[in-house]
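Below you'll find the structure, written out as structure tokens, and then a few comments.
Should a chain be cited, it is by its letter among A, B, C and D, assigned in written order, with residues numbered from 1 in that chain.
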Amino acid sequence: MAMWGGDPMINQYMNDFIIPHLKDHFNIQLDIAYAQGNTIVSQIMAEKVAKSLYNSYDLVWINGETFYQLRQLDALMGNWTSKLPNARYVDFDNPYIGIDFNQPIEEYECPWGSVQFTLIYNNKYIENPPLTRAELLQFVKKYPGKFTFDMGFTGLTLLKSWLIDFSGSPNGLKGPYNPDLYQKLSKQLWDFVFEIQPYLWKKGLTFPESVSAMHQLFSSEELWITMSNNHTEVDNKFYQGVFSQSARAYVPEYGSIRNAHYLGIPIKASNPVGAMIVTNFLISPKAQFQKADPLVWGDGTVLKISSLPDSLQSKFDNIPHFISSPDINDPTVKALSEPAPEYMIKLAEDFRKVILKQE
Amino acid sequence: MRWIILFNFVIVIGLLILLAISSEWPYPNLMPGGYFSKNGSFQFFNLVLLKSIYQSLLLSLTLALLTTSIGFVASRYASNHTRLALLPFLIAPIILMATLRHFFITIGVNNTWGGVLLGQFFLAYPFAFIFLHPFWTQKLQDALITSQELGATFMYTFTKIIGPLARPALTLCFFQTFLISWFDYGTAIIIGAGQVKTLTVLVYQYVQEANIYLAARASLIIGIPAFVLLLINKHYILGKIPFYGS
Amino acid sequence: MVLEIVDLIKIFDKTPVLNKISFSLPKGETLSIIGPSGSGKSTLLKVISNRLPVTTGHIFFNRNKLNPIPQQPNKGMVYLSQEPLLFSHLSLVKNISFGLNFKNLSPNQFLSKTQHMIELLELKEVMNVPVMHLSGGQKQRVALGRAILAEPTLLLLDEPFSALDNFTRSTVQKVFQKLCAEFSITSIIVTHDIKEALLLGNRFAKLEKGALKNYSTRKEFINDPSTGATEEINYWKSVVNEK
Amino acid sequence: MNKYIRALFFLPIILPFVTGLAYSLFKSFGFWDPIGHTSYSHWSKILFSPTTYRSIAYSVYIATFSTSISFALALTLLFHKPARVNLLVLLPLILSPVSVAFIFLQLLSGNGFFARLLAKVPDTSIIFSVDLTAQSPHGFAIILALTFMTIPVFYAFLTKIAEEEQINHQIQLSRELGASYWQSIWKIAIPTLIQKSKFFILLYFVFALSSYEIPLLLGSQNPKMITVFIIDKIQKFDLTTIPEGFGLVIIYSFLIILISRWMFQIVK
């Protein structure tokens, strides 16, 4: 299985809980290769070109952007999620789960976790965090160097939510990719980024490579705001000892993106059945519950709680150890859905061109 | 001045050692703390590290043996074009491997131990070739032919005469090629595709997940054999060319 | 015939070093080839021992054509150079007995042959000295003994004694004569020293500017003024007479 | 026969290099691309993009500084030859590049060792007007890390050369002829050593140019060293930049071949 390895707690969950369980109950030896979405895509693409008999990975942990690219390459196995016994609990009807970056998942991938983006601030220094872009501008001017965003998936998610904000409506980017709309909105977005850039960390000349690097800067108080794609990470990181007790998570007024992350099986996986058994366990209530605990990982479940047996329902309703994470089921928390993947790819590309001046 | 430079060396290595045995380093403390204690049970080696040590050692030893022996035989046939052998190790290993990945996949050895071995062979072999070439002096060539004239077979000559005569050179070459593999990151990450977890891959992995204590530990483990080789070869190195991968 | 050479030509950098050389050597004979430095003596032996490739011509060794791959030894020939090449990581005894390793001998035969040779070479006192620390003459004797114990069909000696001082040289030469007699060795010795040629050889030839002149008898060789043999003999006669 | 054996043994040396280059050339024109088609457009993108040249220039800048600083420091160490610290000088050799990158990140990052040290000392803003931290666009962190790795190599090499050239005797001689100690070092010793080290300096210049792990962890996003830039294009972001990455491989290899030709001339 190929997965992003940027979080020790996630790795620990896999190594200490999932792998031994699979070994004991199914006699499956799950080997983990740490590779990010783009590395996975480039690997699978190279294998496709080389007409390799088998893909390197049997199971890949992906998000919408990777899903889109792998579908473009026709590199994912289809027609398998409904065959999993535990799929009956999965909340496929939830638009934040059943639709990935504006694309129906159509049995090419199986949801694994559901999360919402949050900004995290240090309330030792900040009493009222900036709730709007205008407030953010004031904030960075007042405290230059204390805010930035990373170059990875998380930072891009923030940019996307700003892009949606510029559209004037939470549904402003719904539907397939619209280049004209993108041109118009991204122009406004870059103008805004230019405006705050001089007041960012390192004067906006460089950005943290990854979200974990940004968390490090936050924990050393070099930054006062960090962010996460996962609304419970703030508690998780507190338990890890990375964040202090003064870290608080919140969703800004313009909302933030809620999405799910998924598991896919490459079309030439050498052991697709094994991969399905692993996935079935990963979406089992037992594994999902374990994962939802911020002391373990704090990843939102993809199961439809109401479809579970009563005893499990109450368990999921009372997941322990939450401190600062916002409740994303609270209707006042504004959730945005992921726009089509081309927006993100264009944003990543243009960010390099426009802001970093790499052509 | 010299003490400033050397003091810096000590700080760098010292911090590495300290981090390797620590479990916390809260800002703004100058020094890491929590030595040998993580919830009471400190394990310097965990299973992942042990596996990786085993795999890296096996890989590097095999590679060193392979390249040194083949390189030795081959360097006898070096010619004026020998200097071309410089090219493969001037190119960054990771780039060379990125351009070859397609072929590794085609022959079905990518993301395998054997594939990484082959990839590292392409880096270390030219080195062994160049390194051992000067040892094929006329005298050694003459010894090779003389021994056979006296009745010895080629194999006997190679193992009993040439081998011992060239032992210092071969030993040094063995160590150097061992280190090329031991320090290699590019081949392991590109050809290994995250599945061949050598110690260097592990260091990078730990850095990515901001697990500085394990990263330091893996780095320190990488340093140990290198340090031993340094002690053994101190005098050689101060007369010969050391080499690092990238 | 142990060795037959027909029209051998060796060209180095477009210059012929050996020019149409022909001769043959029967079993048990020692051929002395004299010639000034640069005459191609050394090259001739290196070509015969296959250390250098032939340009054109034929070399028959034991009626077989020479090994076509250069740098591959001809089985049955041993070449001895001016600078004795000893295996420095082996002891003196192991150096001398080296060739015996490949002869299927019983341990007793192995031992007695080695001991006999050490005695013949008069090396008993230095038996345990590391070979690097031996004197030039001792080294050359070790190389000689080692070569002979390998029982070659043909021994090629490339000015083997010229690096030694006068006294040592005559000792080693005597040892060589003794060995030749005992082991009935076929050999070619090239030298610029006429005394050595006369002392060790029973057939004679002269190499000059790449061309070889064969002499059918010792007398013919001595009588050829260009060899300098007569001159040398007369010189020594005059030295003796003055006394 | 010999010719074939020779070729056989030479094959593993030159084949990967040539194959990789040929493959890159094809890829850079869009061959074997499941989502694109063959065209020159990737090349025009590379050749007309200032980022390409900036990346090369940046790499050369880093390599030049790290190589010359470490050479100068190694010379300093040599002439202040401290007794019995040879092993200490060689200590950096035990670290792999990825370890060096990691430990320098711990030393130089915003919450690293030096940042903590400076936080303890008041009024450091005056001393530290330069941004030494990791990821600064000036690449000081990369230069420092590379310098750290290269000093011992140069030191070892210079020790050997100094012995071979009997630098001590030369200094002695020039002092007997009336020069002062420093004069003899500047006028005699250093020029000789530099003359003898040309090839070696260039070799390590290229190694610095080809370094990957260190700029990967310690570099900024822009500019990027050429190696990191290439791997980014090949492995990261969108799939359409892959041919550009391979085009950059051609340019980079060409640069290396150019420098190596220069090196061969020095050997001659």
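In this text, a residue touches a chain if its C-beta (ideal position, glycine included) is under 8 Å from a C-beta of that chain, and two chains touch if they have at least 3 such contacts.
Here the structure is a predicted model, which means the values were calculated and not measured.
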Query = Centre of all protein Cα atoms: which chain's centre is nearest to it?
reply = B
Task = Could you find the two chains linked by the most C-beta contact pairs?
result = B-D
Ask   = Quick one: which chain's Cα centre is the longest way from chain B's?
value = C
Inquiry  = Nearest whole angstrom, what separates the Cα centre of chain A from the Cα centre of chain D?
reply    = 37
Ask   = What is the distance in Å between the mean C-alpha positions of chain B and chain C?
value = 48
Key: Distance from the mean Cα position of chain C to that of chain A, given in whole angstrom   = 84
Request  = Using mean C-alpha positions as chain centres, tell me how far chain C is from chain D in Å, no decimals.
outcome  = 56
Request  = Quick one: which residues in chain A touch 2 or more of the other chains?
outcome  = 39, 49, 216, 219-220
Residues of chain D engaged with two or more neighbouring chains = 2, 32, 111, 234-235
Ask   = If you look at chain B, which of its residues touch at least two other chains?
value = 27-28, 102-103
Key: Residue numbers on chain B that touch chain D, as the complex places them   = 1-3, 5-6, 8-13, 15-16, 19, 27-30, 70, 73-74, 77, 79, 81, 83-88, 90-96, 98-100, 102-103, 121-122, 125-126, 129, 182-183, 185-186, 199-200, 203-204, 207, 212, 215-216, 218-219, 222-224, 226-227, 230-231, 234, 237-242, 244-246
Key: Of chain D, residues touching chain B in the complex   = 2, 5-6, 9-10, 12-14, 16-17, 19-21, 23-24, 32, 73, 76-77, 80, 82, 85-99, 101-107, 111, 113, 116-117, 119-120, 148-149, 151-153, 156-157, 159-160, 163, 200, 203, 206-207, 210-213, 217, 227, 230-231, 234-235, 245-246, 249, 252-253, 256-257, 259-260, 263-264, 267
Inquiry  = Residue numbers of chain A touching chain D in their complex, please.
reply    = 38-39, 41-42, 45, 48-49, 69, 72-73, 151, 202, 205-209, 216-217, 219-220, 222, 345, 348-349, 352, 356-359
Remark   = The answer for chain A against chain B in the complex is residues 2, 5-8, 11, 15, 31, 33-35, 39, 43, 46-47, 49-53, 56, 210, 212-213, 215-216, 219-221, 241-242
Ask   = Across the complex, what residues on chain C touch chain B?
value = 49-51, 71-75, 77-79, 81, 85, 87-89, 98-99, 101-103, 146-147, 150, 152
